[in-house]
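The same chain A turns up in both complexes below, where it pairs with chain B and then with chain C.
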Partner chain A sequence: MRLADLISLIPYLLLATGGLTLLMMGIGPKRVSTRRLTNVALVFLLLGAATTLLWEAPREVGGLLVADSISRLFTPFFMLSATAIVMLSTSYEPLRGEVREEYLSLILFATLGMILLVSSHNLVNAFIGLEILAIPLYALIAWRPERDGAIEGGVKYAILAGFSVAFFLYGVALIYAATGTLDLAALGAEPTSKHLLPVAVTLILVGIGFKLALVPFHMWAPDIYQAAPSPITALFASIAKAAALVFLIRLLCLQLPHIWEVLLPLLWGLALISMVAGNLLALHQQNLKRLLAYSSIAHLGYILVALAAGNSLGQDAAFYYAVAYTAMNLGVFAVVAALALPDHDRENLKDYQGLGRRYPIVGFTMGICLLALAGLPPTAGFMAKLLAFGAAIEAGHIMLAVIAGINTAFAFFYYLRIIMVFYSDKTTDINATPPAQGTHAVLIIVSLFVIGLGIFPEWLLESIKMP
Partner chain B sequence: MTYWLSVLIFLPLLGGLWIGLTGHSRATYVRWAALTVTGVELLIALFLWWGATPGEGGYLYILRIPWIPAMGIQFLLGMDGISLLLILLTALLGPVAVLASWNAVHHNWSAFAATLLATQAGIMGVFLSLDLVLFYVFWELMLVPMYFLIGLWGHERRLYAAYKFFLFTVTGSLLMLIAILGLYFLHGEQTGIYTFDYFALLHTDLPDKTGMWLMLGFFVAFAVKIPLFPLHSWLPDAHTEAPTAGSIFLAGLLLKTGTYGLLRFCLPLFPEASADFASIGMALGVIGILYGALLALVQEDMKRLIAYSSISHLGFVVFGIYAWNQESLNGAILLMLAHGVTTGAMFALVGMLEERSGTRLLARLGGLLSPLPRLAVMLLFFTLSAMGMPGLANFIGEFLVLAGVFQISPGLAIAGAMGIIAGVVYLLWMYQRAMLGETNNDQTWVDLNRREILALGLLAIVVLWLGLYPAPFLDSLRIPVTALIESNPGQ
Partner chain C sequence: MIPLNHSLAIAALLFVLGLAVVLLRRELLFILMGLEVMFNGVALTAIAAGQHWGNADGQVLTIMLMAVTAAEIVVALILIWLAFDRYKAVRVEALTRLRDDNKEGVP
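Showing the complex of A and B:
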């Protein structure tokens, strides 16, 4: 193993040791303060993000991992988002005193799973990443099990994620049966005549589709979004989904373009039903977390509109959308976490009345992120939609683009409704403690990122260019 | 000098942001700050008018800064005669809107001023941008603050009106976005240059059917804004529920962005498709004129009445645009200005009347001429202008439009003239019911104060100027209108 290989592995090693270190800190007889635990977790995450700067991209490590421009972008991005999640968790009222060794190490492990997934160069490695990502989430969803629906949510997610992984594994097995290799580069060189390959990739797509909550695999999403503590909802609504998405884009667009072309009609259909169903279900939803769950289903639909185009613009659009989507969702769920009551999240929209006026920074972030989700310029959400619709039009999918446009227009209705509630004249009972400094920092950074990415999309589009 | 174009956009935007952040619960400071910003904006616009020298293609100023080179998106602003006049109108209505809402807005003045200024910035951007993505950005950007103006400071059914306004317009504009992208790729495939630059896209070779579809994509967005029958139903609600300043901006400026879009994009970008479409466009215009006038006849609410009269007047503008000759285009643009000033003033007056009487219903008004002489005179002045009294603003526009249309189809011109007659009926009737007759209310009345007279006086001067000596305005329209006529394939 050469030194450069080792350097490429440092972020993964750091996260694994970070998770273990946190667990070890709990063994000693003396109780370690929560603050110190959090700091340790943050240091490992930030160090991990920083070491990706040392990478010599593109580089393949042992046929398992690849450090190319995609993983170089998303690895630090996921780690920085994970630091945001940690900061949200520590000041999240319902989990006060519960964010200890186990919780933090599980977040670190989940992040490890994500970065393994996005940089995997081998299907088995991707499977391992997917599982390392999923298993901590079962526990995190049900954290503080005496909460309403916590256990139910955890079990539901465990069962459904198990199903989806079975599909994924079946697909992997079929690929091995058809070609005799699991290496992505080798798969890309396979001739197109093998009919088993599209079937296998479709099965993988089903497995990933569960993770992404595409219609018709979306049933779990609103329940789990509602059941999980808000910082955890933020985690799997933003980065966990983005990780699965990036893996899917890498698999389809970069490694298996010929299979991508075969699957375009399927992606077309999934895009159509995901955005239509997501928006229709969100239209009259009164529970904010469920509403956001449906909205993210619709957003995955827009991303598939870009992927279904089957051109290089569509691929860029999907990557850009993945980043924008992560940031926007992180922002809205951070707001939900920041406004949580002492023992539970605010559920119904009317519990948020007037809070935007009361807490200006929270209201500002909510406004920016919701307008970005709605696709309003000059935010990242607009640029993402511009690229996605552009890809569809370039591919000649005018009908799909028009439907996506009309869907976007309808989505404005419920996003604006939320903003109106946040700024309504009446104010509900406010929190005893205002949102913490750390939460405010997360909110401000996320909203600046959402605007900055929208005004300067070049930066991202350049960095995902394949050499 | 060209950088002043971006100042026009960013001054109100940043000024609004500053006021929004610093002005919490300091209403007096906020009012004066907003007035200063809009006043400076007006001075800059006048300065640009004064310093204008026509350059290449009739453009007075062009500002070109690369923004996203990879996709051919630029920060491209340009001002020709048409946009110059609309910029002046926008800058003029800014201080008027601030003055009109001086005491009418009771809560959250800082947020109100911020949204108002943001709306103004968005409208400025729409009139200036010549890059299609940039245009779309501003097109959406003016929508959101307008939505909040209606939704947060409006009257009883404000939320319903705000949603309706937003959903109509945003659906239209998303269809336009798709048409923009379609044009972009078509142009890119033909020439290999992928750009959203208006000047480059002007010479795209469009296949017949595609050109028509793309034109319709743009047309729908503009038709919703104008609004043309049958996409008009958001307008009466939005106008009725909006606060006074919102109504002034909505009627005076937002509706003009639609007709401006037709002039700037629909006709020059898709000349063949627009020529084929012209007869339908004129028919839609004449339907708008008559339909708006007929509905205005039966309105009880003054704001609703003026809203329907706007549909009627904007029908004239569309009528003139699609007649597509020298007189009608000049007339249409002058009418846009005249309508902006007149209707802005009338909404301001209704707002002032409502502050005093607490109602906008004609049945509960009446006999206010003697207790409120100044207000009554002002209302009479602008009412006369709105119904096309010679010597006042609207007359020239309507006359030129009818003269232009008459050359193409006398029948349609006669139908349009019927709209003017109906206009006289409903406007005079409105005035009679509101101001003349017996008073049925014996509260103590306070006539217009100096602030209100200043706001209305500014507009009255412009009305007289437009009506008596429109030559300077027509002068700046000469080159752009000639270019528009040259692009007509039928000529």
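Showing the complex of A and C:
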């Protein structure tokens, strides 16, 4: 192993040692303060993000990991988002005193799983990344089991994640049976006339579809979003989904011609039904977390519209949308976490009445992120939709682009409804402690990022150009 | 030597059997067992393919699969035990606290 290989591995090693260090800090005779534990976790995450700057892209390490422009963009992005989630967790009231060694190390391990998944060049490696990402989440959903519905959410996610991974693995095993290789690059060079391959890729698509909560595999999403503590919901809705999505984009970008013929109608169908069903289910929803869960299902439908285009514009659009989607969802769930009551989240929309006026920064972030989700310029959400639908039109999928456009217009209704509740004249009389400093910092950075990405989309599009 | 197609067919049967258990049984523990049967179908596929291609990748995949799914089942079992401990729930129907809230329409 050469020095450059070792440098490429530093972020992974840092996260793994970070998680173990945090666990070790818990076994000493003296109780370490929560602030110190948080600082250690933050240092490891930020250091890991910084060391990706040393990478010589593109580089392949041992045929398992690849440090190309995409992993170079998403690795630090995921680590910085995880930093935001740690900050939100520390000032999240219902978990007060619970954000200790185990919680923080599980977040670090989950982040390790994400960065393994986005930079994997081998299907076994991708499977391990997927599982390192999923298993800590079972525990994190059910954190403080006495919370209402926490255990139920944990059980549901554990069973459904196991179910989805079984499909994913069966697909991987069938790819191996058909081609004799697990390497993604070798797979791309394979003659694709083998009849097992389309079945295998479809099974992988089902497995990833469960992780992404595409309709008809979406049943778990609203339940889990509601059951998990809000910072964990933020992790779920943003970076955990983006990691699975980036892997899916990588897989579909192999452009295997025979498989593509089979996949195209499938992607078409999934995109269409996810958009329509997500928006319809969100329409009359009163529970804010569930509403946002349905809206994120619809957003993954829009991303599939870009992917179904199958051209390079669609690929760029999907990566851009993944980043924008992550930032927007991080923003809205950070607001939900910031406004939590001492023992549980505010659930019904009525509980949020007038809070935008009472806490200006929180209201501003919510407004920006919701307008971005709805797709108004100059936010990242507008550019993402423009690129995605543009890619679909370029590929000749006019019908799909039109339906996506109609859905976007439709979605305005419930996004604006939330903003109206936040800025309504009547103020809710349920009081709670105002959001903490760290939370405010996260909110401001996320909303500036959402606007900045919308005004200057070039810097992201330049950095993901495939070599 | 057993032809690849035969072992793939048996493995597919095992996978579908597990799938049927997961979809048809309502007890949480049976669902976990069904998941294990699905994983075994995958492992059999990987082993058979490894023998067919004459390289170790299939066996590596199987060993990784065994280790990772063991870890997964451990956490899932703890959660199921917690569900039994708190709600006395052994069946899926007992877990229905999380649901849509559509009652009031547009505010």
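Methods note: the second predicted complex is superposed on the first by the 455 of 467 C-alpha atoms of A that agree within 3 Å, B and C clash if a C-alpha of one lies under 4 Å from a C-alpha of the other, contacts with A are read in each partner's own complex, and residues count from 1 in each chain.
Simple rule for what comes next: a contact is a pair of C-beta atoms (placed from the backbone, for glycine too) under 8 Å apart; a residue touches a chain by one contact, two chains touch by 3 or more.
These numbers come from a predicted model, not from an experiment.
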Looking at the overlay, does A:441 come into contact with chain B only (first), chain C only (second), both, or neither? neither
Determine, under the contact definition given at the top, whether A:399 touches first (chain B), second (chain C), both, or neither. neither
In the superposed arrangement, which partner chain does A:457 touch: chain B (first), chain C (second), both, or neither? first
Check the residue A:416 against both partner chains and state whether it touches chain B (first), chain C (second), both, or neither. first
Figure out whether A:6 sits in contact with chain B (first) or chain C (second), or with both, or with neither. neither
Classify the contacts of A:154 with the two partner chains as first (chain B alone), second (chain C alone), both, or neither. second
Thinking of the overlay built on chain A, is A:377 touched by chain B (first), by chain C (second), by both, or by neither? first
Of chain B and chain C, which one touches more residues of chain A? C
If I apply the document's touch criterion, which positions on chain A are contacted by chain B in one structure and by chain C in the other? 417
Given the complex, residues on chain A that touch chain B span 371, 376-378, 382, 386, 389-390, 393-394, 398, 401-402, 405-406, 408-410, 412-413, 416-417, 420, 423, 425, 457-458, 461-462
Which residues of chain A touch chain C once you look at their complex with the stated criterion? 124, 127-128, 131, 134-135, 138-139, 142, 145, 148-149, 151-156, 158-159, 161-163, 165-166, 169-170, 172-174, 176-177, 180-182, 222-223, 226-227, 281, 284-287, 290, 347-350, 417, 421
Sites on chain C touched by chain A in the complex: 4, 8, 11, 15, 18, 22, 28, 31-32, 35, 38-39, 41-43, 45-46, 48-50, 52-53, 55, 57-58, 60-61, 64-65, 68-69, 71-73, 75-76, 79-80, 82-83, 86-87, 95-107
With touch defined as at the start, can you tell me which chain B residues reach chain A in the complex? 68-70, 107, 133, 136-137, 140-141, 144, 147-148, 151-152, 159, 162-163, 166-167, 170-171, 174-175, 177-178, 181-182, 184-185
